[in-house]
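Structures given as structure tokens follow.
After this come two complexes, each holding subunit A, first together with subunit B and then together with subunit C.
Our next item is the complex of A and B:
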């Protein structure tokens, strides 16, 4: 059984990095989000092909002193929130590149 | 037959805002006169219209109470609708059509939407801000309703030329940004002067117990500006254009917080 979750940046957004942060705007309702440094790492790695667990392990745990299960729980909360606003797609299958916006 | 020719001349008017002349046509001369009065100062143009809109007037009382605005790109044209109007505009043919009652505010809304769409393609935008020119430079005072936009306009000294007390028109030109006067007014109920000047600064308004200016940088500046930009169209390409314009704007024009007391001394800081 494959429990992996894949995340991808929605095409219905506008996004730009500024310093360590990333600003993301929903194209459907113009809501603006500011992602902090850690959230930006997840955002940039959300290519639809890399499982969330792998993103957390390689991008977060390698850089910050945080337990993998804690980091994964935080990451799951973040992606669920962003997905709720239509900024991220979540799937238990890899997400086609055509549905992913460039970082 | 002079009478016929005169009647025909009254059936259209060109309204030029931000250097974009738009011809408005109606078979109701009274409505055209109403437009001429409403947009006085913005209709005396010799420039050839870039776009034409035919206005079809519906009988009074036919508006619905639906206040939700919808702006959509569909099959090569923009569709705009609210309870009091329905409009479509095809940028390729440069023609559009507006159905509304004889209410100038409906037309005002359509013009605002059309200008946001036109400006986005040129790197500009409309923003909730009053603005004025002083010493050859434009200053914008941005904020939500109640923040003090009209108050700043009312307090402006005689040497300041008021561009608007409600919606500022920002255009990109070469490497800089200009503010342009508009007929889009708020509580002041007076059109701005039809002038333009390079933008010196955008102030995000906050009412307080003293007058002071503080710099705002980075994401705070972008967030503050984006929070006041008019986004009518829920279209990814449009949103991205305006989003990118806001970032570019903040990289070139200072954004500051202006905390002010509602008296004329605040303008001593605006130089």
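Our next item is the complex of A and C:
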């Protein structure tokens, strides 16, 4: 059984890197967010094809001294919040490229 | 401005990132507004491919807010192709248009492409006044229809009311119309010189009394009028190190011909994207570097002026007046209308005018006896 979660940047956003952070604005309600350095790593890797667990392992745990289960829990909280604002899509299946915006 | 937006602007300034760019796609227009600062002929607009390449470069340089303006943007047949491309590059997109070419199909596409705001100029709620300004019969009705179509999609529409002599009494009516249509209302009391420096359009500007009325209107000021109109205290040490505005610091303008300026109101040629990369112009243009080097402390007149710390001085208008380190008389007039205190610049102009008048009187006094002596008895 595949219990992996895939995350993808929504096409209904405006976004731009600003130093090591990222500005993201919802195109549906114009709410503006900034993602810190760690959240930016997850954002940039959210291509719809890479499972969240793999993103955390390769982008977060390789760079920061953090236990994988702790990092994954934090990442799950972040993606759930971003998905709640319509900025990210979450699926248990890979998400087609047409539904993912370029980083 | 929200704290988050301010923080972003501070960070962009520190990192020298062009956070906001206005890109004019064309100067062609289907209206002929009496106060317009543009030459509407096409002198060689950038092609679709050039604009797409520029959008790629701007995204890579860190541009977040992209204002697409003109001329009338929908006069470009490739407008939606450009808009779609810009959307794919995840800009936060604002459009400026007169709305006349926005029918149902166009409104649908603008909605689908997630545009942040659409700004439409409405000069009066009275058709004869608006249409006399745009010189296009029926234009008010068509622009309002566009507002309705966009609002029906839930799109954030801004109705921009430029104040001038012809419509000086109509802003309340336009404001009420905006409220009825669910649009935001903004008022701009400044007519700017033409980009080629021609200042004849300035005669359309409203007088001091009309400006004073606007500045004392609580609904327009959006806060405490007494505080807004209070006499200025003069710039303190911190204010002397202030930057004039975002032009050239975190913002710039690109014309339909690829010319880069600090701002649409600040036509200081700083490079051309047909000859250089956008980011190289942004980082290395001597003109932009000069603009960035100027603080209030460097302005001989304004640094000594009581309004120095609170004035809305536009460096572009100062440049168009002949000196980017000098005052912008139009802003001096606004500060005077707002507070009743004349600026250093206005006092200098008044003194110079008085001196000229004195000289003229002296000549007349000298001439009178001679003329009398020469006149037949």
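Just so we're on the same page, the second predicted complex is superposed on the first by the 103 of 103 C-alpha atoms of A that agree within 3 Å, B and C clash if a C-alpha of one lies under 4 Å from a C-alpha of the other, contacts with A are read in each partner's own complex, and residues count from 1 in each chain.
Keep this in mind: a residue touches a chain if its C-beta (ideal position, glycine included) is under 8 Å from a C-beta of that chain, and two chains touch if they have at least 3 such contacts.
The structure presented is a predicted model; accordingly, all values stated were derived computationally and were not measured.
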Inquiry  = Looking at A:34, would you say it contacts subunit B, subunit C, both, or neither? Reply first, second, both or neither.
reply    = both
Which superposed partner A:93 touches (first subunit B, second subunit C, both, neither) = neither
Ask   = If you stack the two complexes on chain A, which partner ends up touching A:12: first (subunit B), second (subunit C), both, or neither?
value = both
Task = Scan A:58 for contacts with subunit B and subunit C and give back first, second, both or neither.
result = neither
Request  = Report, in rising order, the residues of subunit A that make contact with subunit B in one complex and with subunit C in the other.
outcome  = 11-14, 16, 18-19, 21, 23, 25, 27-28, 30, 32, 34
Inquiry  = Give the list of subunit A residues in touch with subunit C in this complex.
reply    = 11-19, 21, 23, 25, 27-28, 30, 32, 34, 101-102
Remark   = So, in the complex, the side of subunit A touching subunit B is made of residues 11-14, 16, 18-19, 21, 23, 25-30, 32, 34
Query = Which residues, counting only subunit C, touch subunit A once they are in their complex?
reply = 2, 4-5, 7-8, 11-12, 15, 17, 19, 59, 62-64, 88-93, 114-116, 156
Message = Residue numbers of subunit B touching subunit A in their complex, please.
response = 218-219, 222-223, 226-227, 231, 234-236, 238-240, 243-244, 247
